[in-house]
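The data blocks that follow each hold one structure.
In the two complexes below, chain A is the common chain; its partner is chain B in one and chain C in the other.
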Partner chain A sequence: MIEVENVYFTYPNGVKALKGVSLKIADGEFVAIMGQNGAGKTTLVKHFNGLLKPTKGRVLIDGVDTRQVSVAKLSRKVGFVFQNPDHQLFSETVEDEISFALKNFRFDEKIIRERVDWALNLLDLVQYRKVSPFMLSGGERKRVALASVLAWDPKIIILDEPTLGQDSYQKERLRQFIIQMNQQGKTVIIVTHDIEFVVECEPRVILMANGRIIADGETREILTDPELINRSSLILPEITQVFTNLNDLGFPRNVIGVYEAKRLILERINGRT
Partner chain B sequence: MAIIEARDLTYTYPFAEKPAFKNINLRIEKGEFVLLTGPSGCGKTTICRCLNGLIPHFYGGKLEGELTVAGLKTTEHAIYEIAKHVGLVFQNPENQLFALTVEKDVAFGLENLGVPRDEIRRRVDWALKITGIYELRHRAPFELSGGQQQRVAIASVLAMQPEIIVLDEPTSSLDPLSAKNILEVIHQLNRDLGITIILVEHRLDLASRYANRVIVMRDGRIVLDGEPRRIFLQRETKLIGVGIPKVVRLYLSLREDGVNLNKVPLSPEEASQLIAEALMLDRS
Partner chain C sequence: MSIFDGLKFRNISSPIHRIDPRAKFIYVCVLFVIAVLFNQLIPLLILLFSQIPLVIIAKVKREWLRLIRGSIFFATLIFVMNVISLYFYGNYPSVAYIIEYSLAMTVRFIVLIESFSLFFLTTSPDMLGLSLEQIGVPYEFCFAFTTAIRFVPVLAEEAQTIIDAQRARGLELESGNFIRRVKNYIPILIPLIVNAIRRSLELAEAMESRAWGASEKRTNIYVLKMGKKDYLFILLSLAMLLASIYVWMYIKIPFLTQILQI
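Let's look at the complex of A and B:
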């Protein structure tokens, strides 16, 4: 369980990034944190593994104040995958990259080998085992960064902009295994701008603007609210835009998925015959 | 005459085992808006690097076949010559901005070419106004938001008055609203100034409405090339890794159930109009 209690955070340069954020995320939840650049999203999630400590207020992970434990210790529980993979990759081969943290956490040799194989398979990276991460494309490097975190099996996984630079096939794979990890009981937190990706995942959505949380609820409720969308530099989901225009014909506005859209249109056509 | 023409173009990066792309044949006419897409690693970015001569002049490697851009064979002309005709905008604007003010950044390319001072002043102001950042001209680029920085990057390229602008995923790190605005700026450059646009994008929902042509690459080859509405009707196996807009999926899904919209929608506005028409027709 993550508990954020009235947290303020000011960077050394004076920028007030968080201005009184309170929030609870229970074990096994799937949450998307959205909002425009500079809203405080990344600053907030960096508090979850202790990379940043509150200027005021406190953050508790399973009841423990993040100021009382080291980042190293918190990391075992909270895995963080950065937006830019180059901020976390440094090893000579993909395999070394993935085993690095496992060695640090002092897993034994056999388990390390198993975990590395498992992660390489999961993220479609087997063919790059012996390749330098820096020879890979941006999208592939992102998957290496993800594999290296998943390998130590943290119970909370934070993904900062995971769909950036991924093609639609990789995004679908990403979606499937996020859902899978979540079903296995892991808490998954994504920070993202990718509205259509969120629509396909339907997590709890937390919307931030100017260092504060401005809305917290179900995907449909938040992402079909034109006023909230405007305040956070997002745009309405494609299908919601279609149905907002069809509102004059008596259709609901809060439609987000392709299949429900089709069902509503077919009902209208068939209902008349 | 085509403004870009590739004949049997094959390129291999230094030390690479296989070519990044192979036997590319391509003709792009002046004034086209081409959307270049395909799964990660298909060779899109490599094509962009060829178009302004970064390949082979900067990257080295082995370029076979022939590429002519704005009448220049890229192997026979230096990057600075080609750059007068082709502007390249990168994914991450931070990679190309460096000056202390927006204005200086936009002027930099022209100063390098030795353009007279008055002419620089005139062109810089013009580029800043078209991209909507004239008010920001005295600010430092690194203080600006991602969307504003990307406008500075586009203005810098625009000031050179190129005939072709190549953009490699210019909106990928931007919030959706900024992304939408940047694509509108690109659309205007194409529509009002007749600049040929080559736009590399994964997400087609915001961009396909502006393109007259979509090229899909896969494993270093062109697998599809045509009008957006026609491309989206191709077999799904050919579109693996292509981000098909939800409105197109809705069109396809309705068609399975016997509801045929008049054409493939390329934007939500178009989709709602076509659905409204279909319902009217049904009523009559």
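Let's look at the complex of A and C:
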């Protein structure tokens, strides 16, 4: 359970990144945080594992104030996968990279080996076990970074721009993977610009602009609202654009899914004949 | 704001900012030489305080002070090392002498830092590159130099992100004994260096695709010209140097401990 209570955050250089954010994320929820560059998305999620501490207000993780515990301790519960894998890969082999955090958290040798095997399997990296992470492609490096966080099995998983630089096959795998984790009871929070990806996942959507939350609700409700979409510098999902244009033919505007769109169109065609 | 801001160019207008970089460079060199000439506390203290008016004229007091505050750690280290080595290995008249001598070495260090800081705070990297070019340094080197300076803030920001990413993986920088702590920095230094190399390769490709080095002889929009004030500044610096050399050769500067008889 993440509770954000009226949080303000100002960077040392004077930039006010968060201006009174309140939010509750229950266990097992799947949340997408969206908004334009500089809206405060990454700043907000960096509060969840204590990397940043609020200037005013407070953040509670399972009832514990983030100011009272170390980042290392919070990270045990809250796994954070950074946007750019190159900011964290440093080991000689993929295997060492994944075990780095496990060693930091002082897991047993035996458990470390099990967890590394598990994570390698999970992200389809077994063949790279002994390979240097620097030899891998961009998408593979991203998966290694993801594996290195999932390995310690955090309860809450934060993914910053997970779809960046991934081809559509990897994106689809990532989507299934996120949904699977979520079904296993993990809280998943993604920060993203990729509206089509969010539409396919249908999580709870939180829109941010200018350091504030401007909307919070169901994917369908938030991402089909032209006014809100505009305020956060996004573009309506493609299906919604089509249905907005078909509105004068009597189609609803708030359609986001491909299958739903197909059904509506087929119903109309069959209704006519 | 970090202590490194004390070495970063502050773009404001002041008489010190307007002095030709070459003239300022000569001044800094003179300060260096004088600081190394003397090992008594009194002249070094005079040197230390003589910078303050310049800093105030240049309107960079805050950044300058911050760097000095940031150098306290190394200053203390130098002081302690001097005291220890003199106490055990040197022959010395008294403990007070050791302390004065060590203090003098510390002040010398701060003088070097503060004059460096004043130079970089008031000289834009571009002007610096330009002046190097006009003294005849090949353009490739000047370009490499200015680019290196320009990338310092980028690297600093990247280092912060890497620190965050590794802390999120349970790395505790402040834990363990000395060796452990040094080792803690490996997960930060490796990505930083690898990314810097990657970035420099990308930069080289981007530059080449924009025809860098296509013409043998390039011209500049700005050309530095030494004015009367700049020559005067150089003259004053040289006069300072000559006066110091004179004092160093012919006048015996007493140690404070000798004056106070302790």
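To be clear about the criterion, the second predicted complex is superposed on the first by the 273 of 273 C-alpha atoms of A that agree within 3 Å, B and C clash if a C-alpha of one lies under 4 Å from a C-alpha of the other, contacts with A are read in each partner's own complex, and residues count from 1 in each chain.
As a working rule, contacts are C-beta pairs under 8 Å (C-beta built on N, C-alpha and C of every residue); 3 or more make two chains touch, one makes a residue touch a chain.
The shown structure was predicted, so the numbers you read here are calculated from the model rather than taken from an experiment.
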- line: Of chain B and chain C, the partner touching more residues of chain A is B
Query: Who does A:Q88 touch here: chain B (first), chain C (second), both, or neither?
result: second
Task: Look at A:D167 in the shared chain and tell me whether it touches chain B only, chain C only, both, or neither; answer first, second, both or neither.
output: first
- request: Considering only the touch criterion stated at the top, classify A:Q183 as touching first (chain B), second (chain C), both, or neither.
  value: neither
Task: Give one of first, second, both or neither to describe whether A:N121 is in contact with chain B, with chain C, with both, or with none.
output: neither
Message: Is A:R268 touching anything from chain B or chain C once the two structures are fitted on A? First, second, both or neither.
response: first
- request: Tell me which partner A:P237 touches in the superposition: chain B (first), chain C (second), both or neither.
  value: first
Query: Residues of chain A touching chain C in their complex?
result: 12-13, 46, 49, 51, 70-72, 75-76, 79-80, 82, 84, 86-90, 100-101, 104-105, 134, 148-149, 152
- line: The chain C residues in contact with chain A across the complex are 1, 158, 161-162, 164-172, 186-187, 190-191, 194-195, 198
Field: chain B contact footprint on chain A (complex, rising order)
entry: 36-38, 137-140, 164-171, 193, 195-196, 233-235, 237-239, 241-243, 245-246, 249, 258-259, 261-262, 265-266, 268-269, 272
- prompt: Can you name the residues of chain B that touch chain A in the complex?
  reply: 38-41, 91, 145-147, 169, 172-178, 180, 202-203, 205, 240-247, 249-250, 253-254, 257, 259, 268-269, 271-273, 275-276, 278-279, 282-283
